[in-house]
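The structure follows.
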Amino acid sequence: MRPSGRQPDQARDIKITRNYTKHAEGSVLIEFGDTKVICTATVESGVPRFLKGSDQGWITAEYGMLPRSTGSRMHREAARGKQGGRTVEIQRLIGRSLRAAVDLNALGDFSITIDCDVIQADGGTRTASITGGCVALADALNTMVKNGQLKASPLKQMVAAISVGVFEDTPVLDLDYPEDSQAETDMNVVMTDKGGFIEVQGTAEGDAFSQEQFDAMLSLARKGLNELFTLQQAALNDAE
Amino acid sequence: MRPSGRQPDQARDIKITRNYTKHAEGSVLIEFGDTKVICTATVESGVPRFLKGSDQGWITAEYGMLPRSTGSRMHREAARGKQGGRTVEIQRLIGRSLRAAVDLNALGDFSITIDCDVIQADGGTRTASITGGCVALADALNTMVKNGQLKASPLKQMVAAISVGVFEDTPVLDLDYPEDSQAETDMNVVMTDKGGFIEVQGTAEGDAFSQEQFDAMLSLARKGLNELFTLQQAALNDAE
Amino acid sequence: MRPSGRQPDQARDIKITRNYTKHAEGSVLIEFGDTKVICTATVESGVPRFLKGSDQGWITAEYGMLPRSTGSRMHREAARGKQGGRTVEIQRLIGRSLRAAVDLNALGDFSITIDCDVIQADGGTRTASITGGCVALADALNTMVKNGQLKASPLKQMVAAISVGVFEDTPVLDLDYPEDSQAETDMNVVMTDKGGFIEVQGTAEGDAFSQEQFDAMLSLARKGLNELFTLQQAALNDAE
Amino acid sequence: MRPSGRQPDQARDIKITRNYTKHAEGSVLIEFGDTKVICTATVESGVPRFLKGSDQGWITAEYGMLPRSTGSRMHREAARGKQGGRTVEIQRLIGRSLRAAVDLNALGDFSITIDCDVIQADGGTRTASITGGCVALADALNTMVKNGQLKASPLKQMVAAISVGVFEDTPVLDLDYPEDSQAETDMNVVMTDKGGFIEVQGTAEGDAFSQEQFDAMLSLARKGLNELFTLQQAALNDAE
Amino acid sequence: MRPSGRQPDQARDIKITRNYTKHAEGSVLIEFGDTKVICTATVESGVPRFLKGSDQGWITAEYGMLPRSTGSRMHREAARGKQGGRTVEIQRLIGRSLRAAVDLNALGDFSITIDCDVIQADGGTRTASITGGCVALADALNTMVKNGQLKASPLKQMVAAISVGVFEDTPVLDLDYPEDSQAETDMNVVMTDKGGFIEVQGTAEGDAFSQEQFDAMLSLARKGLNELFTLQQAALNDAE
Amino acid sequence: MRPSGRQPDQARDIKITRNYTKHAEGSVLIEFGDTKVICTATVESGVPRFLKGSDQGWITAEYGMLPRSTGSRMHREAARGKQGGRTVEIQRLIGRSLRAAVDLNALGDFSITIDCDVIQADGGTRTASITGGCVALADALNTMVKNGQLKASPLKQMVAAISVGVFEDTPVLDLDYPEDSQAETDMNVVMTDKGGFIEVQGTAEGDAFSQEQFDAMLSLARKGLNELFTLQQAALNDAE
């Protein structure tokens, strides 16, 4: 029934490649099937102005898509002189989600920027960005410990995200683009590996969704997220 | 326990004033306690380029805050030359929510813009905007019927929104600013008067939230939304 | 002869409501007939860079119109990323006019921003903004005295503004939109309650105007402005 | 008493050079003493969108200053990505003033843009722009007649502008920069060679000004403008 | 002597991977050592406005760097709202160079956009972009033939680019970042596989360079470019 | 054979007028035939942020064209809110070229901005800007010595630029607009009066160019530049 032939509760093949590029303190290529996102974590001294004098660090995110990461070419946002509303919405979500992974007070006078750049898109770029971005973030924090910038990593918990939705009246896990563009309901769920919710964003694209559908989707999301936490951990356990 | 002395399941006083300004096809002042938003609905012929040739109308929303609607003055976005990320996120949410109220195919070759301008802010401006915006939208559609632009109103259902959250470990309804700025979790729930969900956005500001807290918040939201649907209907039933 | 039935030397009903919103140091709703403008005065420490080290404070103004304050919807300037030329021209006029009301040296190291936001437009928004803005400014200065930021109010004089024009060959006072859009000549006059001119801006929209017409318009403006000074004073005398 | 040693009613040496650059349909260098402005008039087919279908042409103006036309270097507006408020205000004034010179209905489906670029500034750049711009406009209209684009020039009258002010309590004509930066009152007067007013903009920079000062300034302006009309005519009478 | 241990006339290892991403009509990953650039070619119907009515197609290029493709993070141009001067300069060079490869008249009413996005930078990103971009372009033209959009590929010749420079008084081929940042002279040479020059851009970063140095650099460039043409051809000969 | 009747190795009449405007520390009008550019040099204390703490000064350039300096009117870049790609490319070239003329360490904590504004264009505006800009720069440095800001001028050498190209198969010197718009190859050459190259930018507009054509163009450029160095010196030797 699903265009890809997957079972309703089956995520795509997910692959996490650490140290994908050489300059960043953390650099990850994450693949959710044909969706491919480069996530880098950059450590910089100092915090944004609104945090000056507070005793906490900061984590923020920026998101972009290569113009031809998609089926038809999108305008390059740099050339247009403006990030679109969707971009802004997504990068704010990534930033909020990843801040939940870290004890910002223990981070001290540092800022970390997570750049998530989509090189190929097939649905689920924001959830891939959060999931891969958290691995890049963990790497960057470990790099800071090795460099003597921090005594211990302030990582409190891992964070991951997955999409669920209602496609042809069936709740399904990890929508790809053909499903996403036709789903009646689309929901992104961000959780911690301790089982708490960080962010739940459910949207009816067509008809409203019911409490039952909501519960079924949340249950699928939990299942998928547990798989993601395992994959993140396996990646981090690899010798570099 | 709540700074305002309200019960956990008690919303603020909510007031809907129709025909608040004279030019718009629908014009509503909505007040959630000290939060005051002017919502106008403007009808224009034609649809945006991406809908040309499809047989459907369009509904979109724009959101703004007067610079001194808040405790300390914000920059005027027009003067900065850019809408902030929060503004963009909110106006996209309002637009999506209100499109769910209308049969866009029956709207025909028309666009309706809902402008939500906050003249005084005390928390919950986006939920007030959706709730008031839907009344302005209903009025505009009725105006179109009176003008002969439409044979019947394409309104399918009313849509309203309310915030819920976890404040000092207790789930509460309709957060005001003092609560919102300290809540551990904040969730905006948009429903239809037929009982379906349109949008659920829950965010952990501090610690993650649990399934139990989630369920308690949704239950509070349902209660509050039922009150809002009653108020919307009462307002629409008033002779103009 | 006038579309509204008013006498040539008759202004519209003018109403000044103080403390209209709760956050600002001064907040006024001013109504010139159907023209309604919210004027807030915000006090902030420090002065703009070009005044650093001088011993004077600063007063500036920003102006905006809600998109549907007018008969057909205007673009939202924040969304366009740019304030229009008319907006810039008007806010510079408001700022210059209100600076004339205050002894800037006595204001010290403070800046006051007057935000004038039109919620309903029917002609004369700039003159309403100046007239209402001066009341908000007076309130803000009094608030500063109460707060101990200033020993005495540095207000030197009240400032008000009104439009005059030549409509169907007759000089008239306080043009509303139907008149304004057809007037041959339009003039805005800003004076102090001591009888001096602060700004006179007369523009021939069609044919040039003569010295006689000019003198007649100035005479009408003086009459109207005297009424405005009385209304400002009455408003300020009200217990808050 | 005046820094330049001029009499109160004495304008600076004014020089008008036609055909200053070779590409434009009208091209004038105008000098008011050390103030030097290049005014070009460009004819293009078609009218702006808001005039489509009306039967009238359009005249507009743009204004700029070379970055080092002034005593200390100004930012280049193109590099900043924004025209400043003063620039916008001035170019709107030039456009309004020059439209008064022409029968727009007789201009037909053409637009004329007057570019006024200040290459050296010493006060009075906007009045020089209007005065020189009207000569460039007259030339462009004559070029159109020669080219067969128009049967007769739709020029109704010449327009010129001069500044007057109160400097050290004395009304003076044609302020240069040292006067302009200290004047209590500054007024720009735009008239037609038939004796009517097009625009009067008087501004109190310090204390308010009185009716007597106003009348004295207007009288000086009339005198200066008569000289300008003579100079414009002499320039236009020169063989090219 | 070279930081990398290479001979003066030795280029880095160069690798061309076709079909790197799945959506674009041509998609290439090109690696010059640690410099990695994704080049995609997008075919769209129609031509830019300035070519409407001419009988020729168009080829243009856009260039970007991921923010952390470099040793320290650069601002994201989309977030700044502006492409930097270096970006603009590079993408204009890429576009001019690739237009030389194609018979634009034979391309007909199509535009091709070459997007060059640097995912890791180590010097020579513009020469890698041109060299890889030409392969993506060739692929896109072949795709058009397969799709029936063109009868035959309008590719006239292959184009490639390489940098040369003077490093510690010695002319060297294909500078990497450590060399580039210290070179006295840097020159980019774009040629066709038929042996003609398309673009030569030599810049003295420190002292001026002599005719002899110039000739030595050009000779090195010819050698390096011959190797590149062989690599391009080998890549294009691979079965897809 | 050349549209102007010039010999292939004949530059246009070149004229350098110093002290063209009165405010700048250096101000030159340079004319290459009908191409006329005002070059001013402005001295300011301090250096850009990226040089803070280094012990060197800075020289930068900005370039602009009056909208009607050309045959048909160009958009005013300030009004568009953006400098075009060509403008950015040219001003970067001017800045790089003129920095080569000066010992930046000896310049100390000062920045010099060279503004090059084209008032009439007929080809070769960038080479005229560099050639005239260097004279303005030399004047500004001498002004600094006179003012006591520097003990000695840090000018190391004069810099000039000229264009060469291949027009109807013949290498020609100093292309004017009719030639430039048809030339197969266009090359700008920047040299020092000591005989070294600063920048060479050759571009094939149509077919590729050969080594022989390249050599012939460079030889023409040397001849033309020797004439320019003589003219620069003669201008600087004039009593002011």
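All chains are identified by letter, namely A, B, C, D, E and F, in their written order; residue positions are counted from 1 within each chain.
Basically, contacts are C-beta pairs under 8 Å (C-beta built on N, C-alpha and C of every residue); 3 or more make two chains touch, one makes a residue touch a chain.
Please read these numbers as outputs of a predicted model, since none were measured by experiment.
Chemist: Which is the least count of steps on a path of touching chains running from chain B to chain C?
Modeler: The least step count works out to 1.
Chemist: Measuring centre to centre with C-alpha atoms, which chain is farthest from chain D?
Modeler: The most remote chain is A.
Chemist: Measure off the straight-line distance from the CA centroid of chain A to the CA centroid of chain E, and report it in whole Å.
Modeler: 33
Chemist: If you average the CA atoms of chain C and of chain E, how far apart do the two points sit, in angstrom?
Modeler: 59
Chemist: So what's the Cα centroid distance for chain B and chain D, whole Å?
Modeler: 50
Chemist: On chain B, where are the residues touching two or more other chains?
Modeler: Residue numbers touching two or more other chains: 81-82.
Chemist: Circling the ring from chain A via chain B, which chains come up in turn?
Modeler: The cyclic sequence of chains is A, B, C, D, F, E, beginning at chain A and stepping to chain B.
Chemist: If we count contacts the way the header does, which residues on chain A are in touch with chain B in the complex?
Modeler: 82, 85-86, 88-89, 91-92, 96, 100, 187, 191-192, 194-204, 207-211, 214, 218
Chemist: Quick one: in the complex, what on chain F touches chain D?
Modeler: 21-24, 27, 34, 36, 38, 40, 42, 44, 62, 64, 66-71, 73, 76-83, 87, 113, 115, 117, 119-121
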